[in-house]
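One chain, subunit A, appears in both complexes that follow, with subunit B as partner in the first and subunit C in the second.
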Partner chain A sequence: MNSVALPAIVGLSSGLLLFLLASGLTLTFGVMGIVNFAHGGFFMIGAYTAFELTSGDGGLGVAQFAMGVVAAAVVTAAIGLVLERLVFARLYATSPIYTLLATYALLLMAQGAVVMKWGRLPQSAPLPDGLSGSVDLGSLSVPVYNLVCIAVAAVVAVGLFAVVYRTRLGLEARAIAMDRSMASALGIRFRLVYAVLFTLGVFLAGLAGAMQAPLTQLTPSLAHAYVVMGFAIVVIGGLGSVTGTLVASLVVGVTNAFAVSFAPDISGYAVYAVLVVVLVVWPGGLLSRGAPVVDLH
Partner chain B sequence: MSTFTERLRRHGGTIGLIVIVLLLDVLALSQAGGSVERQLFVGNVMIQVIFVGSVGYLYRIVGVASFGQAIFYGGAAYTVGLAAPHVGSSTLLLLIGVGAATIAAAVVGLFIFRVPGLSFAILTLALGESLFVLARRERWTGGDTGLFGFGAGRLFGLDISTPGAFVASMVVFTSLGMLLLWWLEYSRFGVVLRAIRSSDRRAAALGAGIRTYRYAGFVVAGAVSGVCGSLYALLWNLVSPDILQWSTSGDPIIMTLIGGMGSIVGPVIGCVAFLYLVDIASAITDQWELWVGTILLVVILAAPRGVVGLVDDAVSRVLRRKEEAHRVR
Partner chain C sequence: MHIKRGALASVAAVAALLLGACGGGGSDKGSDSGSDDVIKLGMIGPYSGTYGDIGPSIERGAQVAVDQLNADGGVLGKKIELVKVDDQGDPEKSAKAVYDLDSKDVNLTFGYAISPNCTSAAQAASRVKSLVMSASCSSEALIEKGGLVSSFFRVAPSDNMYEYASGQLVADEYSSVKTWNVLGPDYEVGHSLWDRFQQYTKEAGVDIKVHNEVFHPLDASDLTPHITAVLKNVKPDEGLVILDSSSAMANIIKQGKAYDLFGKFAVVLNQGSWLPQAYALKKDVPEFWNVYKWASGAYDNALAASFEKDFAAKYPDVKIDDSNVNGYTAVRAYAAAIEKAGSADGEAVGKALVGLSFDSIEGKVTIGDNHQATFAMIARHFKPDASAPDGFVIDKTVSLPSAPE
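And now, the complex of A and B:
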């Protein structure tokens, strides 16, 4: 029983963090039709910024750590907003293959910037003493930080669903996703919606990176690893569906955790195995609702 | 005057290709006697131009976006490495590598019609990544070190046993490879694919088997990638997991874009430009990602049609001015 419960909790924790990452990809893809490879770069910048802000001399308090994580997400979002104005705003009119390559260029630049600032060697971000222990749930000893991640990510995920389905911004975004020219004709300022949504997505990526930082080794290849993971999740979930992205994130997170516990030999392939199986059985992804199919040309 | 412009437009690709292949051949022959380091670099350029040409072909003519051509390129190279202890002939090794890549492309290609374009691209990326993980992890693939010592001898009768000899022989192989790419583009096969690309319904109405042609186009592009991967293994005499990394799939797309997506010469020009750029950048700085990324972004924002697009625009402008001058008179 316990041998199943622990990977399930760890998987839930990493799955929810993956959702924070992948939901931004789903929003930019579903609403703006942009295949944003730079998203992995934002995740990485969030992770390294949190590392920079939290790894000082002496003991690290829980409040200090929390502020570091939030500050890292805000810094990342600010970088995202600037890039939206400078680069992405020029890309909305061009063909998807060019936006893809432009965002790929940004990914390379983010990697280069990280190499310049922190080097290529792996770094590890610290956890505050208050979060590094375990707590006993019945006979099970669960790492506190995983529970914190579950709680925080779940709250943020609920907030995101509320934004998408319960606010005027979400309504306008969904209208744009359905038919941009019609939405625009009805007076929706799609450029503004794009900028807000994009920044929101980048904030979530930065937050996911900052929270993931203590759980992983920080290297400049983080950006690529996580953007591939994110896109795999978006594709598994059914392109452009936020609910599908949530389901897919949890499936991937839990599968990964179980693979690490029970079949470490194949754990590196878990995501790809899920991807191939899903695409063979449901070619459109788990929850595709006639989502926009972007032809990459 | 306009007929001249039209003719130039129609044959611009072919003329450009001939000029570039001749320049490459001169480059290869001039380097064949240089240092081993330069021989390996130029030999690599001679292989990459075909590989990138095949990726450009896949995007531009077949109309399939793949992020995983490393599967076929690296897969063929590893097949050569794994078969080398059992096979003496380099020619046979190359054929085995190409065979493996073709089979892989025939399997992966089945997904083209099943899943949406972006899903297919991500699927190929994921398959490439899992091969990368596999190659690094397993003992029989040599782990992080990879495989080495293939004892290259003669390829279709031409000496490739040393880097210098390889580069000299590549004059023949690269020229043939370019001829193949040219044929794939301008033959009936290429014309039908282009017709499908511009309007699949109209092409279907004219009687073209859309699925068969696109599938065949994808498999052919994979097979050409396999040729290049096998040549790579024979040139370097080693194969390491790096060859399966995402950059093997991603770089050719970047090169295609730098050169220009719109014509057959674009990928070739982009490839040569990119390889020299990275060569120079990595000699000067450790930060090549930053520089390559910046240059790429500038190219996309300033010249979305690449180097060929810039040349094309300039030529058109000159011709138009002449035409107008003519009319005024």
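And now, the complex of A and C:
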């Protein structure tokens, strides 16, 4: 039983952490059509900011840690909003290649900023004692922080679906994704919607970084390490599909965990095998509708 | 705005390639070829990218050696200067750096983070009569009989040295631990290290059995599936070998904490550089043995003492790590070889390096016919200690013999 349950929980937790990262990416992909490399930079800034806010000589409590994580995500979102106004807003009418170069430049600038502020030596964000142990679920010992990550990701997923399907913002975003010109003609202020969604996406990147920070050594290369997997998930799920991103994150996390447990010789390639199979069978991604436009569904 | 999915996917694919190809950062190639009163050494290593902390670390140790040599009048009456190049940990860029420096008459290079960098740079160096001295990579492939690359030398420990020392440590301290597990990177060096560990442990007289063998992708950030896999059905009298170093080792510690990874085994052995990560982890450093080459006070000689003193004066905010020592020893090796050859010419220095004995932090270092420097290895026992300034202590060090050539 444990041999199946443990990889399942490990995979679920890993997958949902990836969802936090990739969900913001798919928002900017889905509505704005931006291949946003800077997303990895925002993830890294969230992680380092959480490190800054939660590290200290005294003991770290759960409440202080939680506030640090939320504050890190808010700080990152604020940086994202400023950059959206200063940089991205000027790129909406240009070719995707300019956006690509601009976002890559922003990623490098984020790395440079991290080096200037924290240096190249590794840093380690703490985890409060209250979250660093395990709980016994039957005969299974499960890390508390894994359960916290699962809970946070579940809340984010529900919140994201609520925003997309239950709010005026979501309605307008879907309208813009289908036809921006028509949406504008109907009075939808696409630039305002873009700014809000971009900031939300950056908030999610910052939150993912802050949640991941206690589990990984922080170095200026952190952005590269995670953003590639984020892009892979967005492609597997279907460009712009929030549901697809959630499914793809879980597929990647669980596949990886089971491959390591039961087929270690192919575990290094398992995720990429999934990527290849998905792209062959569903070229648009798992939950693509096959429509010729990027849409949020 | 209608955007074709295909177009976006293409942009994403190009973007991914761009991301893979570019590690960021730049290079400092310094000025052109040295004037007659300066000998330039090329420091080629990652200053950005995944291994971006290794380049500056090697350089810091090298700079201390350069300052000491120059204060003593230089080498052959000439000052030594470092010319830095950021290869971003990319093997192609390592080779390009060798060619670039050769075009500026800088033929003596050192640094290089991991084995693909060393291999690529050594092949390039062979074509232009330059030399590559590894201060980090450990692969045996470049120094094996029949595969020796003439342009390649190494002052960092080799796979053989790590595992010979680990085998000795097991025989001396943990001969009762008969069952071993492994967690390591899934590439040539990871498997080579594990094979040699088993070989040398058995040769040292401990007949070990293998339980879980878990290898993870080299670039994996999430190691929890591998940690849970290596813990499968382990008993408290078993041992664990972790073949990762640097940030990967730190990630294993952080992600393994909730599973009490280090508490589930009678002993945990690890090899390679990871001191900078230990200083970051502080009280989260678990109890285990790490085999490498340096610990404060482990070497009792004048150069070791002067190195610690001069390093602290030059870099008051940085703590010494193993890569500093390798950088220092690389410069000392070149300096001794240049003196012996009477020239800084690449070919002449290459000949002088073979069989060279010189003094460095590790004591008397000798470069063998296989171009590998040999010296005693140091096993360091890490232990958490909340009352210590760093949050941990190295409470025991053991000097272990170097592997036979």
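We adopt the following convention: the second predicted complex is superposed on the first by the 276 of 297 C-alpha atoms of A that agree within 3 Å, B and C clash if a C-alpha of one lies under 4 Å from a C-alpha of the other, contacts with A are read in each partner's own complex, and residues count from 1 in each chain.
In this text, contacts are C-beta pairs under 8 Å (C-beta built on N, C-alpha and C of every residue); 3 or more make two chains touch, one makes a residue touch a chain.
This is a predicted model, so every value here is computed, not measured.
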item	value
Clash-or-fit label for the pair subunit B, subunit C on subunit A	clash
Partner chain(s) touched by A:13 [first = subunit B, second = subunit C, both, neither]	second
Subunit B versus subunit C as contact partner of A:268, first or second or both or neither	both
First (subunit B), second (subunit C), both or neither touched by A:98	first
Partner chain in contact with A:146 - subunit B first, subunit C second, else both or neither	second
Contacts of A:108 with subunit B and subunit C, given as first, second, both or neither	both
First (subunit B), second (subunit C), both or neither touched by A:216	second
Larger contact residue set on subunit A - subunit B or subunit C	C
First, second, both or neither for A:122, with subunit B first and subunit C second	second
Touched partner set for A:35, first subunit B, second subunit C, both or neither	both
Partner chain(s) touched by A:231 [first = subunit B, second = subunit C, both, neither]	both
Subunit A residues contacted in one complex by subunit B, in the other by subunit C	29, 35, 97, 104, 107-108, 111, 220, 224, 228, 231, 234-235, 239, 268, 284, 293-294
Sites on subunit C touched by subunit A in the complex	1-5, 7-9, 11-12, 14-16, 18-20, 22-24, 47-53, 56, 186, 213-217, 219, 221-222, 224-226, 228-229, 232, 246-247, 250-251, 254-255, 257-260, 276-277, 279-282, 284, 318
Footprint of subunit A on subunit B - complex, ascending	59, 63, 65, 111, 114-119, 121-123, 125-127, 129-130, 133-134, 137, 246, 250, 253-254, 257, 261, 286-294, 296-297, 300-301, 304
Subunit C-touching residues of subunit A, taken from the complex the two chains share	3, 6-7, 10-11, 13-14, 17, 29, 33, 35, 37, 92, 96-97, 100, 104, 107-108, 111, 120-124, 126-127, 132-134, 141, 143-146, 179-181, 214-221, 224-229, 231, 234-235, 239, 256-257, 259-261, 264, 267-268, 284, 288, 292-294
Partner subunit B, residues of subunit A touching it in the complex	29, 35, 87, 90, 94, 97-98, 101-102, 104-113, 115-116, 220, 224, 228, 231-232, 234-235, 239, 268-269, 271-272, 275-276, 279-280, 283-285, 293-297
